[in-house]
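One chain, chain A, appears in both complexes that follow, with chain B as partner in the first and chain C in the second.
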Partner chain A sequence: MTRHIRGGVPLLTALATTLALTACGAGGRDGSDGGGGAPADPGVTDDTVTIGGSFPLTGVAAPGYSEIPTGAKAYFDHVNAQGGVHGRQIEYIVKDDGYNPTTTSTVTNELVLKDEVFATVGSLGTPTQASVADYLNDEGVPQLMVSSGSLQWGDDVDNRPLTFGWQPDYESEGKIIGQWVAENMPDARVGLFLQDDDLGEDAEKGVRQYVDDQIVAVERYTSGNTDVAPQISGLQAKKADLVLAFNTPSYTALSQLVALKTGYEPQWFYANIGSDPALVGSLLERFSEGAVAGSSAALDGVMTTEYIPGIDSTDDPWVQLWQQVWDEQGGDGELTNYRIYGMSQAYAFVQALEAAGEDLTREGLVAAIEEGGTEWEGPQLAPFRYSADSHMGISGMRIVELEGGVGEPLTEVLVTDIGDAEITADDSGQADDSPPENGVPGS
Partner chain B sequence: MQQFLNTALTGLTLGMVYAAFALALVLIWRSTRIVNFAQAPMAMTTTFVALVVIDAGFSYWLGFVAALLSGLVLGAVLERVVVRPVEGKAEINAVILTLGLFIVLHGLAAVVFGNRYRSFPAPFGLEGLSVGGTTIALNGFGIFTIVSVLLVMALLVALFRFTDVGLRMRASAFNQEVARLLGVKVGSMLTLGWALASLVGSLAGLLIAGGSLVHPSYMDSVVVFGFVAAVLGGLDSPLGAVVGGLVLGLSLSFVSGYVGSQLVALAALVILMLVLTLRPGGLFAQAPERRV
Partner chain C sequence: MRDRIASLRQHVLARHLLLALVGLLVVVVVVESVSDYRNTQLASMAYLGIAAGGLTVLTGINGQLSLGHGALMAIGAYTSALLLPDRDASVPLTLVVLAATAVTLVVGAVVGLAAARLHGPYLAGATLALAVAVPGIALYFKETFGGEQGIRVVMPDIPVWVLDAVFFVTGQDLTRSRFTAYIGWLTLIVVFVLLANLSAGRTGRRWRAVRDDEVSAELAGIDLGRARVSAFMVSAAAAGAAGAILAFTVKLAAPSAFTLTLSLTLLAAIVLGGLGSLAGALIGAALLTFLPSVVTDAGRSAGLSDIQAAELAPLVYGLVMVLVILLAPTGIVGSLRSAALRGRARRRTTSPTTTPKGTAA
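Coming up: the complex of A and B.
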């Protein structure tokens, strides 16, 4: 296999393809990619574009997360049924990495070398995608819209020019939550319950900007160790009466169970990633006899954040579109928040394809996202932050309180950025837009 | 003070589960001289059997009994069909075989029962008991765990020490040839050993699952800790397994609560190293007498 040098890729491959295929001219191409001949990059033909993604379809991280690519696939099928983007059908190849970074390397290799994908889209996980970020950038394959809130997808454009985040980063989420607590619950004794990796670290950085002096306890759990009783006991011993928790959904259920056992009743505030009421409710359902309220009521009174409308907002035009797409193109099962997540992400990728124009190249796609990304309408409540200097995703969220599985807004949509950027109310009107008639952007 | 008490109580309950698992390992070791790495997925499989029964609308206890019985059968069948061909060969063969079983059962369970987290009910309330106005981290199910593990330990000690069957099982494990000459049906004894061990393993699976979440790999951490507990106790002594389980459960709970949860696995290995360095045969072993 040839190991491409970054920057020379489009020219080299353009030459190679032209020589090998002497393909029919497409015309109207901009001069940057060598000119003449068919689209130059792997994964692109006149009527298809092939993309890939790796997700935990099996293993401990699979619950919930394995539904994301099914949502994205359904949306791509919807777009394909309307004729695709610029006449190209989207082919989406999904690989299972079991949330194991070693496997991620293997399957990503397959995607790049064997399936020759144009880009990876929506691939999931911080440790998993971190293990292939440099490889993809070296190979010149865009790593788009990574499903993770780590900062590393967007804050280092110089070293990873082809990597883009999608969801709000954990630091911004921490800042927004921290400021709200400082303003609305200034007397609370704050305890932090953190996953011991980027998730907890980034979030703690954000939270501490606002409530450093209110924090009385910090407990970290290791993902995989399901016994969190010592951590919850630690929070309880320091008499924390407001727990800000940055953890995955299974740990939301586990922490609720342990709190029940030790008689601990603080106000819980779970970050978006761990608060899906349907999933957590289904995990806790069986314990209803044991005095945990079952199903969607399991997290009543718990606070969390929201950055895309979820299944509880049945009046939202975006959710109505997702429901329609899922009914027509979806596979087994119901529409869930994870499928909506996948669809919302897929929508943004289709916008990027639209913006990149008829002559699709990797370079052109990246440029299109950097230039126009902040302007795109879409389901996200706050705009993307994409630019030539930042590849961070959605810029904000609102704080909600859960009641019967439905999030009641406590704030308007707040936007911010990493570092000491201010937190302001979003004035872009992003939360109020609605999808085009046929559900395909740009048409 | 409350944190100390709660950490200790959590450690105690968890230690009892490790002990139950270690008991299963000890049982199989005493009756067949094999370390069974497939114990964890075997227990996981039978726990899922219980879940299927409970999901079908039957009571928790029916599921409980179904899991124990299917454990008994699973152990016997695996011994007869899979393990029998390698018995009497080099020890490493059996070890590799059980590792293979580990992977196969894992895969099968994922195919048959699905790969997602599911909640497993508990027969007693999950709320902690109230003592003098404060809630302590011990609930009805925790007490049930402690009592049932102690009971199983007592039964095992009685089996090996006071019954004819126990003696025959030990004899056939110790030296098949001699046992056979003395009229012991070695084959049946080995099958019985596997069946009983699998039953005790199933109990451990049910105890750790109760009031928590299960998925095909939920027993994987228990296999490591249960193994450490069994080795601490000397692999040969039921009492040692229980003491080993308790030592491990309590220390790991305190490490997790007061030092950091990322050090739990490391702490388990440090304890193992210390014990093996200071008392190579384990805390309760009578190893020297066994050297031939």
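Coming up: the complex of A and C.
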């Protein structure tokens, strides 16, 4: 008897569920028939606009990068305190993806489907954002100002009409560095130290346009493998006396440590992405367990590039604005170059919102960036390249030599583009502008 | 009629099929009634569940430890990605899942042959090497596997007959995330039925015999090596299917998705849920899928900053792990089961005169 009753339970459940299911289906159809009128784009109301971004807040990539959204948030709070943009307060939702593309896809789903953001702004990383670029474009969600120098955010407008880059791309940076070396150090034996992904590849393409015959050694490392001794010894064995390095900050510290150990003393030239003196200094101290002092002076004499004024330029009006914003709106900690990066990006997004006008739509925003983007004055030293054919970000940078954590300019601001575009001195005056009185663009 | 149902209950396959049918109905109801966002979470839960199900059979029933199941998932995911390069790819998704399973099965056989000779820490070490090496292969053969960027998975358009059929049954249009959730859960149900059947039958008894006592198993005429290799192959095949579902859900196969952390996560899922139990694997997968976002949201609404809220999730996850191991060393399902057994035993001792027939009535 027991058996009979128990055996019947699944069947009964099945029957009940089927009934429930039928009821459910009918209900759904009624629901979808209801409603009418043209709805506004998701994330926009009369007094708010909700945007989102994903960053590595935890994990190996978190040091430094996790500060970017805190800077952006502080700047948005500053704008909100001044009344927002066209009367709309900016709500910024930050998600953690731990620099893992699988997680990026999950949290981006969450941003789009659950939080219903208007756009993503400043989301960080090449492999991470590449994993969601097609999804965001399919869903019609603008993917604005991706924090990465890969070419793919800007050079494929046909396939990714809603994706925009922000920082200068690695190829342009490679070209500017390459030309400078060819003109100023024509006898140098050039060694390349490259991260084995888009970063290294794009940069190498740019550098080789100018110093192909000067290159004596090329060494690549895989991100994640912390032993770079073979690569540094390889450069040393080929007697390279100028090393052009395109790597992330951790690998700047690692390569400096190995070079100290093996007594290798070339002229180092680190690309912008890996040259934050404060972060590299603290990483050096940590990796060497205190054997190397972690001051910004650790990178003295090293050359690099810059495309926005950093924490070292205390006289720059933009940096003074960022300092004021951080003091008023920021959370714990000091203003850093990463927070300035986030604020500079946030400034550009506010300009885009401003330009898109009162009736905010996704289409209108994208059109506004394509039409007016090259004209916007902001913290960046060179103008954006935004147009209907290109979604590439900042067009140039200047070369500096670090001394006590401060960059001394070696060149004026040089601008170029991908491919065989010429390198010219920037004449837009972007480097000398200063922010509006209240720190909010266009109002 | 009742007799027939009774005999149905005793028949293992019939019981599992019936459970599967109930499961299928529950899946349809749940998938249809939750939002698109929840459906993407459900799809993630499905691939974690499938992989954890395979691993729980290997570890719980056959007693072999694997730290390399993340790598086996990678093989399944990369196979699917290579089969779905663009929207015109005409390979049906069922075939893609089968191909991913088959390729991983072959790899599993090779690894299993080596693993069958190893024990304890050595086996852990060998499978650990697999977890480290496979992402490296993807980086090395950049042309084929896309290097650090990985390869994109382009899901083909949903076949019209599927759209029609689903609309006919549910009265709702089928969205993409719903479609993926269905594929994930259908695969999970098929895999679980096969795993449950295998471990309830002769093969499963052999696996258990090998786990419990090698000498007795050998005396009973069981080929130790063959039992171990077959368990590893079955488990690997499940991981391959999971990898395919992962590729469909994430729409990308990239090495950074298949780090050692993924393998350890799967192991954590089956320990949390209860070793050797498929239901436990499913519970573990559910915890892994839903716990982090629930905790992060709770942290944020409690006024923590974004970074603090993000750091809260691994902390709570670690605490849950420690608590489960301290308070319920046999996992959630294991503890529930022994609690139920104890309860039944107590009822029997307090009312010894009542016949089983009486208690049922």
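Criterion: the second predicted complex is superposed on the first by the 394 of 443 C-alpha atoms of A that agree within 3 Å, B and C clash if a C-alpha of one lies under 4 Å from a C-alpha of the other, contacts with A are read in each partner's own complex, and residues count from 1 in each chain.
Everything that follows uses one rule, which is that a residue touches a chain if its C-beta (ideal position, glycine included) is under 8 Å from a C-beta of that chain, and two chains touch if they have at least 3 such contacts.
Quantities reported herein were computed from a predicted structural model and do not represent experimental measurements.
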In the superposition, chain B vs chain C on chain A residues touched: C
First (chain B), second (chain C), both or neither touched by A:P127: second
First (chain B), second (chain C), both or neither touched by A:R220: first
Chain B versus chain C as contact partner of A:E110, first or second or both or neither: second
First, second, both or neither for A:L257, with chain B first and chain C second: first
First, second, both or neither for A:S233, with chain B first and chain C second: first
First (chain B), second (chain C), both or neither touched by A:D198: second
Which of chain B and chain C A:G331 touches, first, second, both or neither: second
Touched partner set for A:T163, first chain B, second chain C, both or neither: neither
Touched partner set for A:T304, first chain B, second chain C, both or neither: neither
Footprint overlap on chain A, where chain B in one structure and chain C in the other make contact: 58, 196, 222
Contacting residues of chain A [partner chain B, same complex]: 58-60, 62-63, 196, 220-222, 224-231, 233-234, 236-237, 250, 253-254, 257, 260-263, 282-287, 289-292
Touching residues (chain side chain B, partner chain A) in the complex: 2-3, 6-7, 10, 14, 110, 115-122, 125-128, 130, 134-137, 139, 211-213, 215, 217-218, 221, 253-254, 256-258, 260-262, 264
Chain C residues touching chain A - in the complex, by the definition given at the top: 2, 5-6, 8-9, 18-19, 21-22, 25-26, 28-29, 32-33, 35-37, 40-41, 44, 136, 139, 147-150, 152, 154, 169-173, 177, 246, 249-252, 254, 256-257, 259, 293, 296, 305-307, 310-311, 313-314, 356-357, 359-361
Chain C partner contacts - residues on chain A that touch it in the complex: 1-8, 10-11, 13-14, 17-18, 20-21, 24-29, 32, 57-58, 66, 69-70, 73, 94, 96, 99-102, 105-106, 109-110, 113-114, 126-127, 130-131, 134-135, 196-198, 222-223, 331
